[in-house]
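Following are the structures in question.
Next, two complexes with subunit A in common: one pairs it with subunit B, the other with subunit C.
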Partner chain A sequence: MSAFSVTHEAAAIETAPIGGRLVTRFTAVLGLIVGLFAVVVAVRFARGIGAVTNLNDGYPWGLWIVYDDFIGTALGASGFIVAFVTYILNRGAYHPMVRPALMTALFGYIMASLSVFFDIGRYWNAWHLFLPRYAQIDSVLWQVAMCIMVATAILLVEVLPVVLERFGKHGLRRKLDRVMFLFIAFGVVVAVMQQSAFGTLLVIFGPQIDPIYQIDLLPILYLTSTIGMGLAAVTLEGSLSALALRRPLERELLGRLMKVGQAILAIFLVARFADLAVRGVLPRVFQPTTVAIVFWIESALFAAPLVLLLGKAGQRAGRLFVAAMTMAIAGMMYRFDAYLVAYHTGPGWHYFPSLGEMAITVGLIALEILAFILVIRLLPVLPRRHPSSGAGRS
Partner chain B sequence: MSVRRTALHLGKGRYAACAEVCPTGATLFGPVALLEKEIERRRSLAPGAKTTFPRGRVGSADSYEGIVGKYVEHTYGSTEIGGTQVLHLSGVPFELLGKPALPDVSPAARSETLQRAIYNHLIAPLGFFGVLALVAWRHMRPAEPVAAPGAPPPDRDDGRGSGGEP
Partner chain C sequence: MKGRLPLAPRHDEIDGVEARFGMPRRQFLQFCAGITAMLGLAPSAAGAVAKALLQARRPSVIWLHFQECTGCTESLLRAEHPTLEKLILDVISLDYHETLMAAAGHQAEAARRAAMAANKGKYILVVEGAIPTGARGNFCKIGGQTAIDLIQDCAPHAAAVVAIGSCASWGGMPSTAPNPTGASSVAEILGRPVLNIPGCPPNPYNFLTTVVHYLVLGKLPELDDKGRPKFAYGRLIHENCERRAHFDAGRFALEFGDEGHRLGWCLYKLGCKGPETYANCPSILFGDVGCGSWPVGAGHPCIGCVEKGVGFTKPIHALAELLTVTPPTQFARPAEEQGQGGTLATVGTVAAIGGLAIGAGARIARNLGKLPDEPPPDAGEAKR
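Let's turn to the complex of A and B:
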């Protein structure tokens, strides 16, 4: 498959469009949500950003940036991480998940780009981002924007083989395969740069972020939690598409991915508490503040998968699913807590997302799921045949 | 809006609109060095004594007589967040006004230092990319000519797979 064709052929995993009806009750509901989303988007562009959001001078960003952007791209990093695991480490075992992971990642990044476009006040100046003379290269947000754009471009290249295969351009595909290693490597670099930038953003906020969520170990916490979320996203996606499409579950592969996730979360937790201790903030988490409470809930969620995945029972499908869910929610909460709960710009400012903001975020998610369904039905993304279904199941 | 208007004013040889219209000279416009001198002058006077207060621009001829206040020892804005271009000489400690205590280090300077350290001539990202690309390339080569013998699927008979699924 795609960049992974070499080992893919060795593992004899073929992908194929799964076909089927495009209009079902599920896609109809999604379509309805997307319709509502379109209305709110129209209002936002017609009447301005204040007409649909609760954003204010104290909280110039909210749900859209934190969920659609920070969390969306963190989940989207799953594609780069699985690509890394598969190609760089050349572990054929992870192959069946690569295409769906790359597709999700692509949709995640497109969703992030769209939401930025809704969020910036003067969206008609957005093209300035493409001109070097407008670039402020020390700006972390500029770096984030660049990374999102480059990551989207790389993902488009990485999923291109799927399209080429569909339309029978095998010569072109082979040529692309020969240089694909460059894109695979570059994708990881960009994902790492972007995720660590989310840590650097906290530094700029300085005293406006509660010390519990301020960090010195910049890249490590955001990077490890991103990898955890990425692996969790792949596992959830694998489980849900197995259920929804009545396909055998890639339980053994997912079990291995979650084992990696378990190690990553352990690193995260050690780094998290070490960072607090080094900065002398540890006593603060024992005070009865909102920030301390969300910190403990979130830390418990980070720790839960470590226990859930222990031993033989930890490899059961149900356990894997719950562990992945917990892992993903923990990573999301970490970002919500840091950028919204622990973010205080001064007395008198409050923020809670408006219905309009929620409609846009939910609409974007619905759009993403809809696009995913469309793609797997029309393009060769999911494995045709299950590689371990014969040997693995009793 | 007012910042924008000020920018237009400055272009025409005028200055900050807020300082221009301030009737008591509580807001003064001028280079930081001159403002610091003015602050020093007021501090050197005994509280309660009479002195002249400039209006509009620092050192302006437009001035009036007033009584020197009892000032807090710290000039707010001189060191906060790395030092700002707005200096506050106050008779009341800012803590009592509900203003937050701010660190002397500018967070933006810290992040800039960080960014420049990490992305110094893009050496680190390019090096990282080089290593990854090399590893990826090396893993691509051997399997290219023939597909079958190169990489046997490693997890086929792992033994762990049986019996776990509900």
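Let's turn to the complex of A and C:
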């Protein structure tokens, strides 16, 4: 019951809508990008996937699946990780971060679901996923779809208190708090399962994936890199909102989280190279191939935070931000490299994301940021501030 | 169904299998599992199948040949994995089979009459080949009896009548117009439905699975309206064909040996009868040699040999009647788009987005240093 009591006690940490103008220069620019996105989406549904993407029979997956799904949900792992640290490990100090992290996670997962919907050819059959009688339980992609759906549903429950609070349904909120620990625990399990499953998805490609990326330890590497990306996302989100809203930075807490990230990345790198050595693939990374080059860039990016976070200087706000950015980019690159660069389906096949695909991905990200701004302005997500520390800025 | 199945064999019961069937114990159990899957029984029924094969009372089988080429028997004997003929000959008591029995002439006919008398009402009658009805049945005579007489002699006292091959099932090749011999199916001669296993030749496993079903459950498998076991003839070839995607995409071989044919495209326009033929060929294949070992897999259109009115009736090159889907009137180009790599615009956009992100990141990192810190959280926690 400890999780429950912390959850309940956590209500003591006051959160409040920050208010302020919704239309600013920044949100207007985001709105423009979203407008462009809407046009491309309309073209995709009117004229088919081929009209806006460079996808083909050799490359049935591209930017949308790799960025919006694999990377979006990995960054979205931030919500589950913070909830885990706060409620399961009982570190109440992280409580101020829980709501923004859960919001970020929810938007990440909604983006993933949306992009799957754009990406499936027969989108009008998508509702089949909700009916058990259509389930193909031997399919790995079915499992991926289920995980995304379950995780999104759990996140919706986890952010529900925010909405209940806003509309004064405190009785309902208290009832929900009593069972919330179940959702938090289940959410962590689903997120962990899903991220290791995303990695293991590569197995079905067999020899079409370069041996440097067709790894025996796929679940472990994807899980550790996801935790790194999730922690990085918490730091990025915390730093950016502090800067944009001119609020004090929770540098101490972020620093501690990044220390955990540092340890996780060390595990990742050891596992990565040990796996290459054990499988005898190590000589391959010294050959002048594209895959080997991207491997080294990506490994350097994974190693950089280890150095950046060293010592007292490593705990400075700027350093933390750069380390988090490197960590996130390393994780992204790892996924792009594994799913697109290291994927060879035979001679003659090519893929590079088209402008239309990029417009949809960038549009989804803009939509996510817009939604986040809207939510923190209208709902009690960020901690209430003392009146002395100055008014929020747009 | 599970309750009626005998239990799995004990270990000592299965020990004799090597000597008896001439195959390793493991291979025997694998075979039983395969048969069980084909019948659509629960995986746990594999043990019951093994037990039934080991303990069955060896039903007497009388196998008649009429207007046929012995292809059905040949395909059964050529089955290699496992050595099916050993299993067949050991599990059933094949009391009369013109191709396989050592006896000849009146001796052979005497053996048939003796077996029929000894197992009256219990033997299984298998008929291979069509029965000629023209010229009072005189086109086919064995031991002085016409085919019609023989079948009317043997069928009434049989526990089950199985027509193996397309000839016995619906007339097959001998019944092709103008059908001078008046070749007819077993069911037509007897005037009642029998179990049909059509095919030219039928897949030996379809016959064998039917026999095992009879041995394990004591009854014949569920049949469709043409008397064929549903487990084998329930699905359209077209719906399970490995080339189906090419049909849907409009990629057709137009001539034997053309580019599409060599690339393995759909054979519909070469006259493939897969769209109107119900059989499990694409799933269980032939000859136990693995992938692609069925006519369409090997590059020849299906001729619809199991279907009356299709096989040996429609010309091989004639287009099949599409029972389920019709192709659209217009297809996209048959060429496969192989995609394009980065262009100046796309790579430039990626570079611009990347540059923007790095630039913004650097600037944010600089500005972050100027922010005030939240007081260390531990202090607040201690107060609580």
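One rule holds in what follows: the second predicted complex is superposed on the first by the 373 of 394 C-alpha atoms of A that agree within 3 Å, B and C clash if a C-alpha of one lies under 4 Å from a C-alpha of the other, contacts with A are read in each partner's own complex, and residues count from 1 in each chain.
As a convention for this text, a contact is a pair of C-beta atoms (placed from the backbone, for glycine too) under 8 Å apart; a residue touches a chain by one contact, two chains touch by 3 or more.
Note that the coordinates shown come from a computational prediction; the quantities given were computed from them, not determined experimentally.
Participant: Applying the document's definition of touch, where does A:F273 land relative to subunit B and subunit C: first, second, both, or neither?
Facilitator: neither
Participant: Check whether A:P207 is in contact with subunit B, with subunit C, with both or with neither, and answer first, second, both or neither.
Facilitator: The first partner, subunit B, only.
Participant: Is A:F181 contacted by the first partner subunit B, the second partner subunit C, both or neither?
Facilitator: first
Participant: Is A:D138 in contact with subunit B, with subunit C, with both, or with neither (first, second, both, neither)?
Facilitator: Once the two structures are laid over each other on A, A:D138 reaches subunit B alone.
Participant: Which partner does A:F130 contact after superposing on A: first (subunit B), second (subunit C), both, neither?
Facilitator: Once the two structures are laid over each other on A, A:F130 reaches no partner at all.
Participant: Classify the contacts of A:G318 with the two partner chains as first (subunit B alone), second (subunit C alone), both, or neither.
Facilitator: both
Participant: Specify the partner with more touching residues on subunit A, choosing between subunit B and subunit C.
Facilitator: B
Participant: Tell me which partner A:E252 touches in the superposition: subunit B (first), subunit C (second), both or neither.
Facilitator: A:E252 contacts both subunit B and subunit C.
Participant: So in the superposed three-chain picture, is A:S354 touching just subunit B, just subunit C, both, or none of them (first/second/both/neither)?
Facilitator: In the superposition, A:S354 contacts subunit C only.
Participant: If you lay the two complexes on top of each other, which residues of subunit A touch subunit B in one and subunit C in the other?
Facilitator: Shared contact residues on subunit A (touching subunit B in one complex, subunit C in the other): 92-93, 249, 251-253, 316-318.
Participant: If we count contacts the way the header does, which residues on subunit C are in touch with subunit A in the complex?
Facilitator: 336-343, 345-347, 349-350, 353, 361-362, 364-369, 371-374, 376-378, 380-381, 384
Participant: Which stretch or stretches of subunit A touch subunit C in the complex?
Facilitator: Counting only subunit A, the residues touching subunit C are 12, 50, 54-59, 92-93, 239-240, 242-243, 246, 248-253, 316-322, 325, 348-355, 358, 362, 389.
Participant: Under the definition above, what is the set of subunit B residues touching subunit A in their complex?
Facilitator: Residues in contact with subunit A: 81, 98, 100, 102-103, 105-108, 110-112, 114-116, 118, 125, 128-129, 132-133, 135-137, 139-140, 143-144, 147-148, 150-158, 160-166.
Participant: So in the complex, the part of subunit A that touches subunit B is made up of which residues?
Facilitator: 6-7, 9-11, 84, 87-93, 138, 140, 143, 180-182, 184-186, 188-189, 192-193, 196, 200-201, 203-207, 218, 249, 251-253, 255-256, 312, 315-318, 346-347, 387-388, 391-394
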